[in-house]
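Each structure below is given as structure tokens.
Shared between the two complexes below is chain A, which has chain B as its partner in the first and chain C in the second.
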Partner chain A sequence: MSTHTAADKDSAASANNKTISLPISRVRLIMKSSPDVSSINQDALFLTTKATELFVQFLAVSSFNNGSGKESNSLSYSDLASAAEETDTFHFLTDILPKKILAGDYLKTLEQMQDEEADN
Partner chain B sequence: MASSSGNDDDLTIPRAAINKMIKETLPNVRVANDARELVVNCCTEFIHLVSSEANEICNKSEKKTISPEHVINALESLGFGSYITEVKDVLQECKSVALKRRKASSRLENLGIPEEELLRQQQELFAKVRPVTTTAAALVVLELARQQQAELAQQEWLQMQQAAEQAHMAATSASAAQQAGSSQDEDDDDDI
Partner chain C sequence: MAERPEDLNLPNAVITRIIKEALPDGVNVSKEARRAISQAASVFVLYATSCANNFAMKAKRKTLNAADVLAAMEEMEFERFLEPLREALEGVFVIQDRYCGEWILHG
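And now, the complex of A and B:
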């Protein structure tokens, strides 16, 4: 069953994805804002843009499949955060994807830290 | 969005593009707003990741420009090797589209006519069109004038008719009054 569905998905995906949806000029700007990057071959730019698109799709699908919103057909912030922690290739995202904590809990943690310092 | 801030790190892929991709990838799924915002930022992060890795590979190869090979090797080493086939396919597609466009424009150039000659021919064509345009414009003006005149003529005719009728009525009522005054005995059943 899964192979049949996967094949269908592939054919649908390849029908849609023969072109690029993201703006190439913006991708170039972002690449150049990386430290030390000087010049980028135009073809290399195409490759990066397409890879980014695939990444978005992969991130969305993985987070949805592994997330808690699957039954209710929804995708939440915490689904994405969980995917970042659990999937190896997504580890680079953990810096910008902190798991949210309640403000109250954070304040408690702060208090605890201050108490410890006061004790010392 | 990017122009207002001087900070390069605020650059992101436009939100609309991401929303569209999410909708196509996960149709009928409700996606929270903060999750969408997160995906936008993940995109930027991914691009930085690939650029830095490709840049390192590029520096090691002693070349100055990041080439497609460098990007492909970067994807492999970052664990995104599964993307390579599809990404290469799209590159081929983009290249063939660009090639077709270049062929189409060069076919025009290859007629053998230099640009100066083309300009001269263009000027000649314009010169021919100008009198035609003037004649056409003149015709339109004439037609309008004629219509106006016809309307005026019609109005005058109507006015004349009305004036004639009034004169006629005035005349007949005057004569009727005269007749009534001069012959009181006669029972005139003349229709007036």
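And now, the complex of A and C:
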């Protein structure tokens, strides 16, 4: 039944594809918190849970591979924020993964904007 | 439906384990990064649910099914998940018994 190929890199982390580790009950709770959802069948619930696991793996791996922490062997928040900004499929995350900027930089930008406004 | 806001979070221990398994050995994942991924996962569930629900509504069905979720993945441009998902669905429905098993059987 197991049809693992060498090309199957993304799911390599989840050695056993048939099992899931996230709690289905919690995923169902999140799904049901969406107001227009009335009911969800068993397969849909299973698939969404599995997809969420694949998503966590994919987000972590692509943020790490494109991030700045490869040399220091670390994954930081800013790597994730960059992934959200730079990767199309992660664009829906930009609201919850905003890029951090220093307060000083922010004030400078604010000042610049005010100057520009005054010029106009 | 959720009584407390933390009910909409996924368990940190499980998320951390999935991240660790996906990354090369010895990568240090900051606490902030772990929290961010966990929140992203919750948002992913909501986004997928909303997409899948649109497909169900178009077909005038009230219950979300597997085809709706797969169509949602395509719509969200996560086609790369389709094959592993189909494979998982075909497989035996086994769930690691760390959490109580009873909810597995009830839709």
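Points to keep in mind about this one:
Throughout what follows, the second predicted complex is superposed on the first by the 87 of 120 C-alpha atoms of A that agree within 3 Å, B and C clash if a C-alpha of one lies under 4 Å from a C-alpha of the other, contacts with A are read in each partner's own complex, and residues count from 1 in each chain.
Rule of thumb we're sticking to: contacts are C-beta pairs under 8 Å (C-beta built on N, C-alpha and C of every residue); 3 or more make two chains touch, one makes a residue touch a chain.
All of these numbers come straight from a predicted model, not from anything done at the bench.
Overlay on chain A: chain B and chain C clash in the combined arrangement. In the superposition on chain A, A:33 makes contact with both chain B and chain C.
Judged by the touch definition given at the top, the superposed model places A:107 against neither chain B nor chain C. Residue contacts after overlaying the shared chain place A:25 against chain C, while chain B stays out of touching range. By the touch criterion stated above, A:77 is placed in contact with chain B and with chain C alike.
Of the two partner chains, both chain B and chain C are touched by A:60.
Common to the chain B and chain C contact sets on chain A are residues 14, 17-23, 26-27, 29-34, 36-41, 43-44, 46-48, 50-57, 59-61, 64, 69, 72-77, 79-80, 88-89, 92-93, 96-97.
Touching chain A in their complex are the following residues of chain C: 1-2, 7-8, 10-11, 14-15, 17-19, 21-24, 26-30, 32-33, 36-37, 39-50, 52-53, 57, 62-66, 68-70, 73, 76-78, 80-81, 84-85, 87-96, 98-99, 103-104, 107. Partner chain A is touched in their complex by these residues of chain B: 2, 8-9, 11-14, 17-18, 20-22, 24-26, 28-32, 34-35, 38-39, 41-52, 54-55, 59, 64-68, 70-72, 75, 78-80, 83, 86-91, 93-95.
Across the complex, chain A meets chain B through its residues 14, 16-23, 26-27, 29-41, 43-44, 46-48, 50-57, 59-61, 64, 69, 72-77, 79-80, 88-89, 92-93, 95-97.
Those residues of chain A that touch chain C in the shared complex are 1, 3, 8, 10-11, 13-14, 17-34, 36-48, 50-61, 63-64, 69, 72-77, 79-81, 84, 88-89, 92-93, 96-97.
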